[in-house]
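Order of writing sets the chain letters: A, B, C and D. Residues in each chain are counted from 1.
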Amino acid sequence: MAETIVFIIFAAVALVGAVWMVMAPNPVHSAIGLLAVMFSIAVHYVILDAHLIAAVQVIIYAGAVMTLFVFVIMLIGVDTADAYGPQVPIQRAMTAAVAAGFFAAIALAGRVVWITGSAAFGRPNLSGTVEAVADELFGTWMVVFLSTIMLLTIAAMGTIALAYFHEDSTEDEASA
Amino acid sequence: MTDLLWLVIALPLLGAVVNLFFGKRLGEPVAGGLSVGVVVASWAIAVPATLSFVTGSGQVETIYLFSWIPVVGADAAILWDPLSAVMTMIVTGVGALIHIYSLGYMRGDERYPRFFAFLNLFIASMMILVLSANFAMMFVGWELVGLSSYLLISFWFTKPEAAAAGKKAFIVNRIGDWGFLVALMIIFATFGTFDFGTIFTTAPGILTVGAATAITLLLFVGAAGKSAQIPLYIWLPDAMEGPTPVSALIHAATMVTAGVFMIARAAVLFELAPVSGAVIAVVGTLTALVAALIAVSQTDIKKVLAYSTISQLGFMVLAVGVGAYTAGVFHLATHAFFKALLFLGAGSVIHAMAGEQDMRKMGGLRKMMPVTFITMAIGWLAISGIFPFAGFWSKDEILAATFAKGGAFIVLWAVGLFVALLTAFYMTRMFVMTFLGRPRWDGGTHPHESPATMTVPLIVLGFFSVSAGLVNTPARLAFEHFLEPSFVGVPHIKGLTLGLIVTLAVVSLVVALAGVTWGWLAYRRDELPAEDGAFWRRSLEAFAVDDFYGRVIVAPGKRVSTWAAETMDPRVIDGAAHGVARGVLRFGSVLGKLQTGQVRGYAGGMAVAGVILIFVFLAVGGGF
Amino acid sequence: MIVTTTWFLLLAAALFSIGVAGVLIRRNALVMFMSIELMLNAVNLTFVAVSRELGLIEGQVAALFVMVVAATEVTVGLAIVVAVFRTRASANVDELAEMKG
Amino acid sequence: MPVLTILIALPIVGAIVVALLPKRRTELVYPIALGMSIPPLVVAMYVLVNFRVGDAAFQFAENVVFTEAFGIGWIVAVDGISLFMVVLTALLFPISIAASRSITSNVKSYMVLMLILETGLLGVFLALDLFVFFAFFEIVLIPMYLLISLWGSENRAYASLKFVLFTATGSAFLLASIIALAIITGDQMGTLASFDFRNMLQTELSSTAQFVLFAGFGIAFAIKVPLFPFHTWLPDAHTEAPTAASVILAAVLLKMGAYGFLRFNLTLFPEAAVSLAVPLAVLGVVGIVYGAALAIVQPDIKRLIAYSSVSHMGFIVLGAFALTTQALTGSVVLMISHGLTTGALFLLVGMIYDRTHTREIADYGGLARVMPVFAGMFLFAALASAGLPGLSGFVGEFAVLIGSYLTLPVLTVIASSGVILAAIYLLWAYERVFTGPVTNPKLKVLRDLGFREVAIMAPLVVLIIGLGVYPKPVFDRIEPSVGIILDRIEATTDFEVPAEGRLSGVAEIEYGPVHESGGDN
């Protein structure tokens, strides 16, 4: 029973956080909204016994990624002026329609599975412990794992290159 | 003795190759001597083999040399029979005389060895043509002869007219060769081989009249191209641009008679197609008439002889057309002698007059050039058909044979008679204008008799022009029996009683004498009669046939090619290719517009597509 | 009323849709990145939920990989935004429209 | 001893050696490149000498499987059809490299490209695995493009690009068809796909499949030949290409198309070949007359020879689709002889171009007086190309015409008019360039062909005469392989090769004294 309550609370937090992130004129507020969403998802992982993923979510996502976001926002400066800009009226409606469409589509798609799916958590012995994930990760998925290493290094090099080789012609540090 | 026969081809070929590559180093006398020696050697080799036929001990033989194109069954092989013997004798014999004559005529020419190389090449090619045992090898000789005539006509290539004449000769010959080639295709399709023996034995059985007519008419197209019959005769008068010995050898004695020889060789096929026989006879007579009418007015001595050759060839074609093959070959032989004589004589006159060829600037050469005068006189009488001379016998036999054919051929006989009259007239005109009457050349030139190397051949040819006729007098028909083995299965001319022959002979003699006296009286006086009638002018420019062809065939042909080259190819075909290229480019740019650069536009597109995709998968997956 | 996988999937769907809306509405590059992050998180949630449902650990491994990819995407994305910002002094996406035609 | 693999590999080895030469020592490049092009010729001669004459099957076959799954393997072999093309290629490369003395800008890459081109060409004629065949088919394209675009004359960019685009479109269809065929073969053999030509011979193809695949292969080869509507790339490519490139382009590259028609279209898709024979033969004949007609009025001598190639290739296509032994053998012989004669013509034009740097016929006149040896050789090559008997051109053309008449009489008669047109355009060009007085004063100072140039032409002249006078050994080696194709077509379709159209149909001739001599007097 406790799980249901926890689920409902954090589901609400996630949804509100998400909506806030989208609607907030000030990017910093959006960042905070996203932070909320991430934490609530971490909690959901815990409910789903995916402990490693929950930990990684909190450390990497909430920690590193969000701080990066905030850092960049600070670097660029918070200019709420053009947050929305000249919105085309129909654009707003269109976006809502598309979002609704997505939700309906996924809901419909899931309908078959959910209804016929197993009613309750059967509590199979699956637990997202580090060993279970590690066996899998370094077993069958070794090749993929190695390629992610490559991906990360390349991303790092890319970022450095971008920072280092930009044309130094624009010396004037344009600040907001 | 027949196993050395392949040397008759090989020796001149060898001579040509040696002269072509090492001629300059050999120097004039050696190169000339080599090429004459080679031809005389060939002649010497052929003599015993020919005599074997005369003594009756020889037999018709095919000698296998090597397999040329196995897949079409074309071998290099020699067919040695009286017909090829006669032709070999003429080609090598007259050829040798003309080679000797050329030693003198061409002295001092900077490309002297090359000239003799080409002459030897011609003799070799003519020998391939004459001695071949199958149509394929004959076709090889046929085209190689065309090549050597091209090389020799445009020998003085620095003169643009000579080069153009050479090219014209080769192309017109090539048109004839095209007809010959198509005939070869039909022959192979019907017989599966080119070998004369097989074809001539199986022809009566297999060959339908239609196929026979097709083959023979196409062969005749080839013959018309080579033997300068209507409509393919236009190259011969221009061929006079070549040195005179060339005109004598190729455009009088040997090459032009190849067409007649080919028809005689394939007599069996021509007998199976009476229609084409008639066509050939008519074309022959027509050519004889037209050429004679043109020859009458020519002022250039070589042009007169050229048109007279075409006219005489017309007679030979008439002979083979009516089926009198032996008469045709006989006239071919005698014509080779006296026409070569006349040409060489004319050459000697031109040589003496330092290149002057216009008869109106000659006259009274009798005293300065006695030997040429006498030999030319013999030639003149022979070709006019005066009694004891060779021309009388052979031309008369043709006319008799045409008469004996009866029916419509009588008309051809009459026309032939009229042409004989014209021949006598224009030859007399030429003879009188050059040798008799008042000298009309300007002071600069002082004619003198040609050196021995040139006059000796004249004398030898003069002897043959007199004696050749006696070989086949109606009484003994020795020549006809000699050629008998070559024409197995070819019917003889019927209805020629001795009485009829004699009367016809008398008639043609009278006509010849009339022609001579007419010419003599007209041109004997010192001032030349004015030749300015409408007929004269048109006849002088050969009835403008040449530029008629130019207007009707060459110009439109060129226009079509230029149209194709300037519009069809670049516009239509290339245009299509460029069109495709432009279309692709345009299509590319249309797609380009979709890239607005607006990131959010892309995001929207992706989102909408995502939704649609999900619904599509659902529908496909039966989700609803 | 115990929590079934369906709830998680519905939640993930909702978050995903909001993310899509975020990308479409906002013109600020950073917020768009955040919305994308949100969508990725939604996907991760589905992964883990379904892995829990089917008892396969691969779901979580996949989620892990998604995170890795998300991390790299963010770093490079932000680097670009910063670089662009240096020359353009505005992170407004609509103005960055040279790459067209 | 994998002779054919060595043969294909040798030029590449040569290319590497040349590439590794020190940059400074440019004078070394020419001799070494020439040296490296000799070994392939030696091996090709070895193959020619050891080729079993009467045997129609593939000889010197080698079979190394790369990937069993996809059925791709290194299968090389030679038979009557490809034998002489390989020898011709191996012969022409040393000659054209020797003739490239006038190339000065970055000679090294020029020679490397030439040697790579040689490998590609040898590969095309020897490969029996269609995947490898296609690979070589493409390998040939790149060096030829670079040769034209880097060392060509005025608007070489346009010409080389056009050449590549035309061939590439063709190759696209070719690749698709090869893969389709490989998969069909694979299905019928149980594996995923098989590119082995010999397996493909066993596959049963429905008539629609045959048509589609025939079209796929056919378009690529038609563009390469070039067949009538696809020929516009040839004149541009020829006029702009450097001498050596246009020699190879004319002598060997065009034959890839004709070889493809014989090897693949006729053999693998007999039903489609029989029904499409007439339309393609018509295109061939149109090519003959059209090519010749255009050649007559070309102002540029190289363009004239290019259009004459279009005309000659028309004969080859007519021969290929007349489906008789004579025609097919004749078209293969014509492939060889056209390679020799047009190669010789382009070499000669290259030699005069090195001296005067102009290809316009109008700029010349009376050249024979200034350069007699050159004039003699040009006339010789022109006459050989116009099909003068006794030279190689005639032998091929004669066999094609005689053979094609048996099945396509009307077309062949029209085609034979090409013989007249050939004489016209060649002799008229000869007349304008060589005869008459020396018009252009610049010509007076030209020196005649040197020893080196005559040495380059010598082998071609000897072969042209040899093939013309005694072609029997060549015919005997080609005929059996062509015979198989006809047997296969007769077996799988209701097409009947006419009696005379078979070597057995040609009547035997007995020589010696003709018995009924003396006749009945």
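By our rule, a contact is a pair of C-beta atoms (placed from the backbone, for glycine too) under 8 Å apart; a residue touches a chain by one contact, two chains touch by 3 or more.
All values reported here derive from a predicted model rather than from experimental measurement.
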**Asked** For which chain is the distance between its Cα centroid and the global protein Cα centroid smallest?
**Response** D
**Asked** How many angstrom between the C-alpha centroids of subunit C and subunit B?
**Response** 94
**Message:** With centres defined as the mean C-alpha position, give me the subunit A-subunit B separation in Å.
**Reply:** 98
**Asked** Measuring from the mean C-alpha position of subunit C to the mean C-alpha position of subunit D, what distance in angstrom results?
**Response** 61
**Asked** Once you find the CA centre of subunit B and the CA centre of subunit D, what distance in Å lies between them?
**Response** 36
**Request:** Scan subunit D for residues touching two or more other chains and write them down.
**Result:** none
**Fill in**
Flagged in subunit C as touching 2+ other chains are 20, 24, 27, 94
**Message:** Where in subunit B do residues touch two or more of the other chains?
**Reply:** 604, 607
**Message:** With touch defined as at the top, which chains are paired up in contact here?
**Reply:** A-B, A-C, B-C, B-D
**Complete:** Touching subunit B in the complex, subunit D uses residues 162, 165-166, 229, 231-233, 290, 293-294, 296-298, 325-326, 329-330, 366, 368-369, 383, 388-390, 394-395, 398-399, 401-403, 405-406, 409, 412-413, 416-417, 419-420, 423-424, 427-428, 430-431, 434-437, 470-472, 475-476, 479, 498-500, 503, 505-507, 509, 511-514, 516-519, 521
**Fill in**
Seen from subunit C, its contact residues with subunit A in the complex are 1-11, 13-22, 24-28, 30-31, 33-35, 37-38, 41, 44-45, 48-49, 51-53, 55-58, 60-61, 63-65, 67-72, 74-76, 78-83, 85-87, 89-92, 94
**Asked** Contact residues on subunit A for subunit C in the complex?
**Response** 1, 3-4, 7, 11, 14-15, 18-19, 21-22, 27, 30-31, 34, 37-38, 41, 44-45, 47-50, 52-53, 56-57, 60-61, 64-65, 68-69, 72-73, 75-76, 79, 82-85, 87, 91-92, 94-96, 98-100, 102-103, 106-107, 110, 114, 117-121, 124, 126, 128, 132-133, 135-137, 141, 144, 148, 151-152, 154-156, 158-159, 162-163, 166-167, 170, 174, 176
**Request:** Name, in rising order, each residue of subunit B that touches subunit A in their complex.
**Result:** 604, 607-608, 610-611, 614-615, 617-618, 623-624
**Prompt:** Which of the residues in subunit B come into contact with subunit D in the complex?
**Reply:** 56, 59-64, 66-75, 77, 81, 133-134, 136, 139-140, 142-144, 147, 150, 154, 157-160, 162-164, 166-167, 170-171, 174-175, 177-178, 181-182, 184-186, 188-189, 191-193, 195, 197-198, 481, 484-485, 488, 557-558, 560-562, 564-565, 569-570, 573-574, 576-577, 581
